[in-house]
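One structure, pasted below without further comment.
Labels A, B and C are assigned to the chains in the order they are written; within every chain, residues are numbered from 1.
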């Protein structure tokens, strides 16, 4: 079965490619990239005006299955991923039960094979039950496909436990991905500590509660040699710690979410919009400016959505009762294109680095280059498409996006996974 | 003058004129409360729901009396019978209340922002009777009333608030209200009891030394200190808190001759106040505050339910 | 009493632009009050056990003027009180005015003969409210009503015991008392009212 993608602008910084050309795919593999290609049998698609990049990876999503299917499941979450332009996602282990053993890894992987619309990679838990008490069976999980480890949703409570986790994980060459949150400082914090916590009369989630664990985990990475990936970094000083670690040559990387790049604590008004309740919380305008700088200068490695779907009734309630998190799979690419690429803060190549190349590096996945011999995981972007974010447009079960109503420019048009279209012309291929 | 507010949720939405009108109407209700028959038929036929989702005896009693003395029909909703206990969401509960066709919802909740959430879901007006650590606007009004009644003005006064500023919904309304009325506010507490940004509430000065500030103050507003367990407490002991921040007889020499003592109650004698100060015949207006609570809440109900149609333009 | 003062310059001009007809001047008001004072004393056989309660905002001033006259005539003072009926109105929904004036009844009402004093008697609703209010202060032996002007159009079974002057008027007109003390000049005037507005007494200090 041959597929020929013609006349798109193909961008892949991994092979220094940015040109209008054609891509020929056979049996799920790229066989030729060049100008004026043609085939006798198969499908030819004219992608004039479109942009083709390596299949994007959202390395931080919550698919909620098993256990919290009222929020999302693998079928709906992977459709949301495809709809947002992703050929692969990495899902977090804080399901019910927790993905802290090989059986759970297998369940998610096999379920994704059955009902999924993108590649689903599984991050296993560092500690059993995310309790920071006992190591989980990382070796067995690796044997069954886990690509990284994290206790995402909470920080690992003590330095001693984190040392055990990273020491042990270092034998598998997998990254330990750290959700940095010092419980003793953060407690029941709801919003960034400072102006917004005072204004709204809620407990603060101080920046220091994140920065302390970033500093701690960098020190333990130095001690153990284990690769460390800081998840959803949200503060300027936290990023400076990562910069220093990189300068030192430590195996430290980090990711940022679109909402931490675009929204600030000032966006939380006295209507207590629970869609703006995220963990870590929205920070100050200075933090946002600092993070954008990190996106530009390369000190931030990845952009990930932290797609955190919730049922309507879990968000339509008191702010302090509402769950943390917002969805992101279906808005992330468009937000980055609208806010950063279209405004020339970054170019497409940098976007591809942060949303395709670097996530694969951190997750130890095989790279997808747009050259002969690579898997045909591709994302086709329509850079001129303008659209408004609406609930009705989502494939996700959840609608808790802070960007409802936003006017965006540029979005995914098609996604190919192993040469098969999972989305074509904006519609999921069933 | 027109009074167009439907809700009393965020005191910062009220102008100095609005607040002054409330206080002046409260004076008239004080006259009613001085009568043998302390009840007027003003709000006959109006239904008010007291939705107290966390325990509160004093504030609820004060609202209930205000409602009864205005001849409202009132319904107490909450406590152990709340639907939250049965797993109903707050919004479903509110929608239920709305179906009762009520005119006003008085709400106390442990979560900040709940009164606004309710206002979005009911046709009735909403009065915030305390939401989490956020606001408690009727407390601020009764405080202003007591200060105004005793000192004859609000503008230009220097009010010191001492205690758990950071976890106080009283401060969340009182500080902005005092600023609206032209007073100067100093907050006095150990840093462990301060909010992250007292300036955001409107505080002009921040101090951890009550003795330095006392000579400047026209009003010393003492907040209640929670008698919590020692582990993790924001001060080493009640004894040390009393030594450093307690308004004690020994500190009276530092006070202006006519400086007032306020406290939102209930008092912890021997912690934030000693009995000499709590019962001080000239300075303590703590019981006036309780009385003012009835009068100002009657005024708030009267004005908020008064409707926006002031068809009296002659 | 029942007004929302809108002291804008425009409103002031609007007053002069209306067609006003004076039906009582200062001297006539004075003479009427003197007569009413005599009538009150006559009906009640002197000032014993008598108390005057004026309805704010002009009835209370009239009550004080009557009390002064009674003191002149009789050589003894009568108890004097003022009553705001805001909390007793029956039109709270439609004609709410936020200002409330002072009620001050500094004496025990039980057993006394109360003369309620108001400026203009019209529908009778104000008096109905005032009677309710009085009841909350105690149980007077009797309540009588004195008004400076009765303009008719009663909507309730209420009549005045003492009337300064009967002023026939239409419902499209407003009858207003101005008093030197608060308005700078004393007179009773008939004013055409704008369609859609409501007959009521003049705000203190003019419009």
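Here is the rule we use: contacts are C-beta pairs under 8 Å (C-beta built on N, C-alpha and C of every residue); 3 or more make two chains touch, one makes a residue touch a chain.
Note that the structure is predicted; figures quoted are calculated from it, not measured.
S.K.: Where the contacts of chain A and chain B overlap, which chains show up?
M.R.: none
S.K.: On a CA-centroid basis, which chain has its centre farthest from chain C's?
M.R.: Farthest from chain C by mean C-alpha position: A.
S.K.: Specify the chain with the shortest distance from its C-alpha centroid to the centroid of every protein C-alpha atom present.
M.R.: Measuring from the global C-alpha mean, the nearest chain centre belongs to B.
S.K.: Determine the centre-to-centre distance between chain A and chain B, using the mean Cα coordinates as centres, and give it in whole Å.
M.R.: Taking the mean C-alpha position of each chain, the two centres sit 46 Å apart.
S.K.: For chain B versus chain C, what separation do you get between their C-alpha means, in angstrom?
M.R.: Result: the chain centres lie 39 Å from each other.
S.K.: CA centre of chain A versus CA centre of chain C: separation in Å?
M.R.: Once rounded, the distance between the two centres reads 77 Å.
S.K.: Two or more other chains touching the same residue: where does that happen in chain C?
M.R.: Not one residue in chain C touches at least two other chains.
S.K.: Quick check: what residues of chain B touch more than one other chain, meaning two or more?
M.R.: Counting only residues that touch two or more other chains, chain B contributes none.
S.K.: What part of chain B is in contact with chain C in the complex they form?
M.R.: My answer: residues 1-3, 21, 24-25, 27-28, 31-32, 35-37, 39-43, 70, 302-303, 305-307, 309-314.
S.K.: Which residues, counting only chain A, touch chain B once they are in their complex?
M.R.: Chain A residues touching chain B: 193-195, 197-204, 206, 270-272, 313, 316-321.
S.K.: If we count contacts the way the header does, which residues on chain C are in touch with chain B in the complex?
M.R.: It comes out as residues 2-6, 11, 84, 86-89, 92-104, 132-133, 136-138, 174, 193, 197-203, 207.
S.K.: Under the definition above, what is the set of chain B residues touching chain A in their complex?
M.R.: 10, 89-91, 109, 111-114, 116-117, 120, 131-135, 169, 172, 195-198, 200-201
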